[in-house]
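Structures follow.
Consider the two complexes below, in which chain A is the common component and chain B and chain C are the respective partners.
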Partner chain A sequence: MTVLLDNLKDDDLTENISAGPSRGWYHWLIVIASSLFAVVSIGFVGSILAYSFPAWGHAATLITGRGWQSPTGPYGGLAMITGTLETSLLALTFAVLVGLGTSIAIVFLVPRRLRTIVATAVELLAAVPSIIYGLWGFLVLAPWMLKSFDPFLAKLPFSSAIFGPSSQQFGPSLLLASVVLGVMILPTFVAISREVISAVPNDLVEASYSLGATRWQVIKDVVLPAAKIGLLGATFLSLARATGETVAVALVAGGVADVQFHLLQPGTSIAAWIATQFGEAQGNEISALMALGVLLMLINFSLSLISRSLVNRQRKALARV
Partner chain B sequence: MDQNITEANSPEVLVATESRTPGSVAMSLRNVAVSFNGKTAVRDCTFDVESKKVTSLIGPSGSGKTTLLRALNRLHDLTPGAKVNGQILLEGTDIYRGDMTATELRTRVGMVFQRPNPFPTMSIYDNVISGLRFNGVKKKSMLDEIAERSLRDAALWESVESRLKVSAGNLSGGEQQRLCIARALALDPEVLLMDEPTSALDPIATLRIEELLVTLKQRVTIIIVTHNMQQASRISDDCAFLLMGEDRAGELIEFSTTQKIFNDPKDSRTLDYTLGRFG
Partner chain C sequence: MNPMDELTLTPSLTVTHDTIQLIAKSHRARRVLISRVVTALCLAALVISAVPLVLLLVQLVTRGASQLNTAFFTTLPQSPTIMSPNLTGGVSNAIIGTIALTVYASLMAIPVGVFAGVYLGESTSKFASVLRIVAQTMAGAPSILMGLFGFSFVVKFLHVGFSAIAGSFALAVLMLPVIAISTELSIRGVPNTLREAGLALGAKPHTISTKIVIPSALTGIVTGCMLAVARAVGETAPVLLTIGGGYINQWRPLNPVSALPLSIYINAKSEYPSERAQVWGIALVLVLFVFVVSLSARVWAARKQKRNS
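Our next item is the complex of A and B:
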């Protein structure tokens, strides 16, 4: 026994553990890999900033200007910015309204055996590549909206003020882009909000039932308030996904750089505009597109940060209970 | 009902048979068994819970104390696959098969849980009156009055009077548990179920809750699960001893006055347990 212990001490403990971290090949592998990551990240952000630099001289035009005059300039980004905001916020409204109901149903109404299946299906939908949502929007949703939905919208009060005349050709419009985006971010919102809702401690649910609450009261007065902050986090994360979405919007928004508040008219978003324009862009236009990209990055960073801090706050709030 | 009682007096179930005046029984259990997906968790529970007394359920882990307790306010309704057999009567009405809804039952049979679980997003005041709000009470003066009375009954009024609007999460563990007691009392229940209400608390907070229970039994019947035998002997009038059987299902071994269970039990297993020989 003593011999064994002595051996162990001499060979393993002293040399490999007590003597501090050994510098094996894996140590260097990790150092190289992580340094490479740092170099790539800094290089990535740095070069984007550098390329966008000339355009910041015209920052005011970039943010508030209308009209994108290629290849001479000026390059006004207002249409892309408003388009991004309109489509994302409309999509978000749709996703939150439908998604909240869906998550509540998954947690409280769907039988336990089906729950895992439904939850997995939702997560799979969230992983569908966005080009497929775009194609579906263009080939399936657009014709249907033209034929069935637009005439219905036309009958609503204030229809022409909100939606404007229907484009009546292929159907691309800000509204179509919003719906496609909404359908696209719906699984994301459901996946996160379902987790947030199921993380509400069961003893709170039992406590409310024990006080004679009905299921609806348990959901409305106890579960949703307890999950509030996390649900807000899910909302911001979904919004971040919507603002950054490129290819689906490029396919169905219409690609027109007009500041457009009539939702049935075509428009564009920052991401979609960059995707469709950069191929033929040169010189200052590249800088302008890069600067729009930086703007989008900033929007997305802030949304992700907000959402992350909200989700952390939720976790802490529930941990304290 | 009489027939049920006779059936229940099987050899291994020794039910206290002292004569009890009618009306003094708050809840009657007749051959109560709980199973989950066909697997029995606790069975053969037959005893009467006397009104305005403290009845404790004791026994080692896995003996089905908590499972039995949760059957008394139909909390198992929330668990798919759970089934409660036998009869549980509240003032003579079968709580599972009578015309009483689970919601109504739970306003008459309140529950305090093992871990203090005040609603974290509500203030102290809102926590106390949450049960009243669930049941549609809106009148401010009535809510205020009941909130104060319930907090006084739970011996919490003095320390929270000035901060009723503060979040319940700011209270200490013992205060949170007393808030949960106040919250249950606000509905003026006939029976209060308590599932190891002091196991998450320090000794001083525990002592204060125990003192509270002894005062509370003047107005409410208390059924308390505890694995602390000193606690059972200190505060309970009657005592049910449960034990896990060979098929891992809990069963009632003996029900009697606490005095008898601890000093003169009829079953040798009860004696062994109360003497600390196992469990």
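Our next item is the complex of A and C:
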């Protein structure tokens, strides 16, 4: 049997050649390449797990502890975990609300001729390296927020309860990190959700228009229900990207390991903390950072498995229509 | 009275044609109004998402373009001092470092990724379906984890130390699943009739793969590789933990190197305005490179596809 013609497995054609001596060098080449890929993937997980091992003796501190005392320990990861959750969920809310409207506008409102250009632009923006978003947030957005946005926020009711006192000397804060993350995952979300929305069969859309439905009724009652699962998949994928983002958050979150719910105060995230602390870390601190990496891996892998299965389910559902 | 003008709903309640029309009209007015409002909201969302992204690109170009000159590309960086705060030098070390890292990473990732992708595309074995899920999960893994892998495996376990090879290993791990997945999709896109035609001519399976399937899928495979390169060039987190940095022009695999994203990350936090200004130049070069590579990949693929169909 050769793996090369598996696609034709059910076909009578392949039966005769299957028995032949087809395990040539080429067969082995692709088998070895894919085994190498499998080995690298196992090594990826195994190597990080192995170096994180010493830190799991203090697993409780690592997950629920406050404060990161380097270089002696204890190393508490609660601030990084809450920071990751706060920034990525806020960013996700912004990206989904604005992104959904944007995708609908691109599919239903932008003239057909411009649509490919807009779609390409969105995909290019999704390819912009995250360090660029971080740089923009750090050098442009941070001073602007200090000067113009924070005084505006201070006038809102319950401002001090939600946002806390603004850190006057530095721009970086959890809110800034959420905004930068939101702007950054927006193209990712729009790229996928636009595709999902435009994959809804045109027959359905035209049929409902012909029944006299308005544009909003078509979107609300036909397009969104048909695209629901795929949009959920796009949401989880964006969330996975937001939780794993490193350097942009490292630049704009402030890099302070405090459990902080006031959004104008500095904080950090798991990935950003690994990046900022790794340079000076030694011994036990390295394994504690590796253990944070394992946590991040668990979060990311479960999010991406959920989103993959959702997107696949959507594809199957649409194939049936 | 015309019987058509009067509808009897219940014996006690009669509704005239006019009333129905009135209700329908007011209902329609409401539907249309809601639809218009939502349409306006969607357009507003489009504008809201465009504004920050356009601002970012405009600022990148206006602030970055003034930094670019020959010295920027050809000289080594110099640290500004209090005496000469405008002294920054160029970023030749980071440019050479980024080129070296990208070339080594591509040499490692492209052969393995492409042939693993061929396997994923052609095989229906259990191993292939597991590997497919692994590839999809790895493709979405945070890049800082690739940095941790490069550090723990190459820097520590193999005792190579901070080096170009450690950084390019981390970047190769990042590129590998991206290349494998795009290759798989292109291989799957080749119609089975072509494979059957090859069989009918008496070709061996490996001849069918190398002479028929891969050439037909080549555009997609090359596009996937280019997009993977474009992604690897801009990644900061993996190189942050592995390459060590440095202020000399050097490309040797076993020595530390610098890289463009790393220079951005470090110089953005500089206390000298001159260094913070120079960062925009580096950022512009990086974004231009990423845009040129991914745009040309897309345009080339689209053109090929048009010619084939």
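Here, the second predicted complex is superposed on the first by the 298 of 321 C-alpha atoms of A that agree within 3 Å, B and C clash if a C-alpha of one lies under 4 Å from a C-alpha of the other, contacts with A are read in each partner's own complex, and residues count from 1 in each chain.
Heads up, the rule we're going with is that a residue touches a chain if its C-beta (ideal position, glycine included) is under 8 Å from a C-beta of that chain, and two chains touch if they have at least 3 such contacts.
A quick note: this is a predicted structure, and the numbers were derived from the prediction, not measured.
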| item | value |
| --- | --- |
| Clash or fit, chain B versus chain C on superposed chain A | fit |
| Touching partner for A:259 - first (chain B), second (chain C), both, neither | neither |
| Broader residue contact with chain A after superposition on the shared chain, chain B or chain C | C |
| First (chain B), second (chain C), both or neither touched by A:201 | first |
| Which superposed partner A:186 touches (first chain B, second chain C, both, neither) | second |
| Touched partner set for A:300, first chain B, second chain C, both or neither | second |
| First (chain B), second (chain C), both or neither touched by A:112 | first |
| Touched partner set for A:136, first chain B, second chain C, both or neither | second |
| Chain B versus chain C as contact partner of A:217, first or second or both or neither | both |
| Partner chain(s) touched by A:317 [first = chain B, second = chain C, both, neither] | first |
| Touching partner for A:120 - first (chain B), second (chain C), both, neither | second |
| Closest Cα approach, chain C to chain B, once both complexes are overlaid on chain A (Å) | 5 |
| Interface residues of chain A shared between complexes with chain B and chain C | 214, 217 |
| Touching residues (chain side chain C, partner chain A) in the complex | 31-32, 34-35, 38-39, 41-46, 48-49, 52-53, 55-56, 59-60, 111-116, 118-120, 122-125, 127-128, 131, 133-138, 140-149, 151-153, 156-157, 173, 176-177, 180, 188, 192, 195-196, 199-200, 204-206, 208-210, 227, 230-231, 233-237, 240-241, 261, 264-265, 268-269, 276, 279-280, 283, 286-287, 290-291, 294-295, 298 |
| Complex contact set, residues of chain B against chain A | 73, 75, 78, 80, 103-104, 106-107, 110-111, 113, 115, 117, 119-122, 130-131, 133-135, 169, 180, 183-184, 187 |
| Parts of chain A lying in touch with chain C, wherever the complex brings them together | 2-9, 11, 13-14, 17, 22, 24-27, 29-34, 36-38, 40-41, 43-44, 47-48, 50-51, 97-102, 104-106, 108-110, 120, 123-125, 127-136, 138-140, 183, 186-187, 190, 214-217, 219, 237, 240-241, 243-247, 250-251, 271, 274-275, 278, 289-290, 293, 296-297, 300-301, 304-305, 308 |
| Footprint of chain B on chain A - complex, ascending | 111-112, 201, 203-214, 217, 221-222, 225-226, 228, 317-318, 320-321 |
